[in-house]
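Which chain is which? They are A, B, C and D, in the order written, and residues in each are numbered from 1.
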Amino acid sequence: MKIGLIGLGIMGYRIAANLAKAGKLNVVFDRTQDKMEKFVKEYKVAKSSTTKELVESSDVIITMLADDNAVKSVVEPLTPLMKGKILIDMSTISPTLSISLARKIENSGGLMYDAPVIGTSTFVEQKKLVVLVGGPKDKFDVVYDIAKETASAVVYMGSNGMGLYAKLVNNLLLGSYIAAVAEAYNFGVRAGLDPQQIANILTTLSSARSPTTELKAPKLLKEDYSTQFATKHMSKDLEIISREAQNLKVITPISSLALQLYKMAEALGYSEADFISIVEVFKRLSPKT
Amino acid sequence: MKIGLIGLGIMGYRIAANLAKAGKLNVVFDRTQDKMEKFVKEYKVAKSSTTKELVESSDVIITMLADDNAVKSVVEPLTPLMKGKILIDMSTISPTLSISLARKIENSGGLMYDAPVIGTSTFVEQKKLVVLVGGPKDKFDVVYDIAKETASAVVYMGSNGMGLYAKLVNNLLLGSYIAAVAEAYNFGVRAGLDPQQIANILTTLSSARSPTTELKAPKLLKEDYSTQFATKHMSKDLEIISREAQNLKVITPISSLALQLYKMAEALGYSEADFISIVEVFKRLSPKT
Amino acid sequence: MKIGLIGLGIMGYRIAANLAKAGKLNVVFDRTQDKMEKFVKEYKVAKSSTTKELVESSDVIITMLADDNAVKSVVEPLTPLMKGKILIDMSTISPTLSISLARKIENSGGLMYDAPVIGTSTFVEQKKLVVLVGGPKDKFDVVYDIAKETASAVVYMGSNGMGLYAKLVNNLLLGSYIAAVAEAYNFGVRAGLDPQQIANILTTLSSARSPTTELKAPKLLKEDYSTQFATKHMSKDLEIISREAQNLKVITPISSLALQLYKMAEALGYSEADFISIVEVFKRLSPKT
Amino acid sequence: MKIGLIGLGIMGYRIAANLAKAGKLNVVFDRTQDKMEKFVKEYKVAKSSTTKELVESSDVIITMLADDNAVKSVVEPLTPLMKGKILIDMSTISPTLSISLARKIENSGGLMYDAPVIGTSTFVEQKKLVVLVGGPKDKFDVVYDIAKETASAVVYMGSNGMGLYAKLVNNLLLGSYIAAVAEAYNFGVRAGLDPQQIANILTTLSSARSPTTELKAPKLLKEDYSTQFATKHMSKDLEIISREAQNLKVITPISSLALQLYKMAEALGYSEADFISIVEVFKRLSPKT
């Protein structure tokens, strides 16, 4: 079985590296020549000059791309070539788009899986990603055997789109939660509490503590907004959630408001910064006492 | 040192029991005769016919009462009697009220501590409460020695009111978080995900998982709204937060909206139910597809 | 100049009638045969068996359709036939969609105008619509001469899409305003004010009174939710606004929240009712005292 | 009948002037000597050295003060002196406070009316205020005869507090409406509409147009935030509404969110500016395109 991967961004590069080390990667493509050369040199796999060529020489194609537009422009032209092949898209995109691409690939005689991930680039390096998979049950083992090289959990979520819906459930919660963490932190600071003690509440004393507060509390204390997950990406995901909520006819008052606050953080200049920088919205937009 | 306790409600009764078993309780008072009789019979401590009498016969007085009105009407008349005594108020009330009572007690030559708790009645029984303490540093050891009989952590948070502000930081986060958990759960169900898998995300796969989602996910699955912490109490705490935010001039958009949603849950009949019943707001108020 | 109209719904029928009476309508089409027959019989204009036929026999084509999907499926197939012709789309749809259709029509050598309206069916009958027009300035007079037969104001708003953006500005304001009117009314009732006096404030005493409060205050008093403008249509428009706000990168906290409340009104069964029925959200979801 | 007025602020000074010109004012008090001297010199009425003296020499006492704290500290000490006298409080304060003061005055054998106003200082000069009156029906004519000298409408709203609740209904609507106007304006500008045309929609074309949009649209166009009604006063009124909503157990999602946005405007430096300056929140906190 030949495996190709398209998209050597921050996540894709490291996922590809894990696969190469496990002997499960044959060929890569990235539109940026330099990235592709670097990877090929380091990991001794082939490169393709076009995505078409990559698809033709592979049985399984993995994509890890930025957003709906990227996936649409890269994957859509490839759908007629997918007969007998499997596409595993690890990007976080709109389930609606993913499902429509899956239909086209099926019509060409191939299979598609949505397999978005929970976790940052550090998680990839530690092989601790969580991969949420949607698609036909019977070839899930193919996805599992590949994804396990880069993940601590590979979970089958249901038919096409269900991996992405599961990811959106996670990010709806995470985005709203971090907004609440920031609001609580700023409330505590302004009440006169010792910031260290607020961090203590967020990470240890509170029953709403989580792995995420352990990660973010030190960043709050040091105003360290170096990026683990960018504000603009949380905005993008909450925007997908908002549009899907329209399709699903579900109310999403909390995450809709959180989206507005992340947009404000972007307006304050924190688009590329870590999404915990939303705390600056609370700090700067609370009147001085 | 003689210790008295006022308020044998669900929490107060169990805290008093822990103290009695540790030999650190001399006398109790509750306005409901039956509760008082039951406790006295079971734990062999004295009872008082009035709060005044209890204060006069105690060095340390513990209060565990429902809300601002209860604390104001019980504690305020006692302040002139507090010379040389220590009041430990474990109720969750407005910091502003608590600070003003602390001033009055100081003026009478006594000391007051605000010592609200994180945790439910089950936590008391397991001696696993978290007690957040505000008040003069030099007698904190007295509070510590008493509270440790019922808690796994007794944390000094600063001057008067700081214990309560710390509690509000926790409940601002917790109340907003559970609203987001409910929104995420309903979004996932309506997207067609297996509810068990959504619970799996909330408790295991998500980096925003917490001890609280472990407690609440089974309740979501079974629509079991039996009370661990009542919706009306979360509403009350978020109302205190909203008023304190006015005093502190801090913005609290997320928790302000969460308060509206808990009020809606109360309107749907879930005032006395567990606050995870807020999920019914999302279920019932999302249009049918 | 031959004029055809597609879409004999509640609005379209009445607009067509005004044009026919003014001698400015030659042919109509509706997918529902009965509506078309009725109109043709009453107003003595021709009918077309297909939209293609209508376009081929007309110089100016007016469309008045339900939503993005309807416009997309009706107009898109017609774009190659538009050489030398003018399309006036009076539907309220996404500006993004409208602009992309305008580009296609231009490429075929035709012109398109977005010309959505402010006002209900009663306004059409009284020829008191407001028509907001986007498209090439130089043929605006054609649009004006037609639209004036059914409107008291026909306003040029700028290039393609600007008519629709103007309509969205109106509905962003109107939808948020009516939500606020409902909130204020319910607050007043629960405070114990005489509902007649609240209506008096809304329509006469307040500087935020408007033609809309004059229309809606009697409906609030009588709980008369007979439809002037349906909740589902306000939801649809606020959903378009939410998606366009994503494109424009503007924050829209108030209308985003209003959308959630209209969705709740739909869940309560008021989807087809007048959008003032949002007051039931406030009534039913405020806890009993 | 002797009439005294306490509080020569921007509103109080002009109201007092109208009364003096009508021969219906005998004595004034303000804690700022200069204001009082200026008024006395210009309008030839007596001044009092204390509020107590003013009350003793008057049959009807009018108060026009800044907020709850001011009314509480000025009026409460006067309540024992009110036998046979009438207090007309024109301040916008919490109904709950007003009702409790009314009870105390009744117990002293006097009467109190809450009589807050709609309108700015310009309205006073034009005698076009709206006065909303709560209190005992039988002496309403006394209030009416005085208030009509400065108002175009003096409306009896019901028992004590009802004047204030009516005022809050108005400001709940007005505060939410202006937030929506600002959101709509910014949306339109960012969509590329001509600001003049947006103003045209807000003041002429929209059915949600109002006397307030006529007043504020020119300010939006010129970014003229000179104060007609200060942001901090709208914040204060929305804070009262939020607290009263807690008492009344009504949901107020829209005005609660509007309050957060006015707080943000204050944080941006617009506390003393006109409340239409809330538009800067939308402008500055929408990401650049």
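By our rule, a residue touches a chain if its C-beta (ideal position, glycine included) is under 8 Å from a C-beta of that chain, and two chains touch if they have at least 3 such contacts.
Everything numeric in this text was worked out from a predicted model, so none of it was measured.
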{"item": "Smallest count of steps, each to a touching chain, taking chain A to chain C", "value": "1"}
{"item": "Interface residue identity across copies chain A, chain B - same or different by half", "value": "same"}
{"item": "Whole-Å separation of chain centres (CA-atom averages), chain B against chain D", "value": "38"}
{"item": "Distance between chain centroids, defined by C-alpha means - chain A, chain B (Å)", "value": "38"}
{"item": "Chain centre separation in whole Å, for chain D relative to chain A (CA means)", "value": "51"}
{"item": "Shared-contact residues (touching 2 or more other chains) in chain C", "value": "249, 251-253, 257, 263-264, 266-267, 285-288"}
{"item": "Chain-level touch network, classified as line, ring, star, complete or other", "value": "complete"}
{"item": "Footprint of chain D on chain A - complex, ascending", "value": "253, 257, 263-264, 266-268, 271, 281, 284-288"}
{"item": "Chain D-touching residues of chain C, taken from the complex the two chains share", "value": "95, 118-119, 130, 132, 153, 155, 157-158, 161-162, 165-166, 168-170, 172-174, 176-177, 179-181, 183-188, 190-194, 197-198, 200-202, 204-212, 215, 241, 244-245, 248-255, 257-258, 261, 282, 285-289"}
{"item": "Residue numbers on chain A that touch chain C, as the complex places them", "value": "239, 242-243, 246, 249, 251-253, 256-257, 259-260, 263-264, 266-267"}
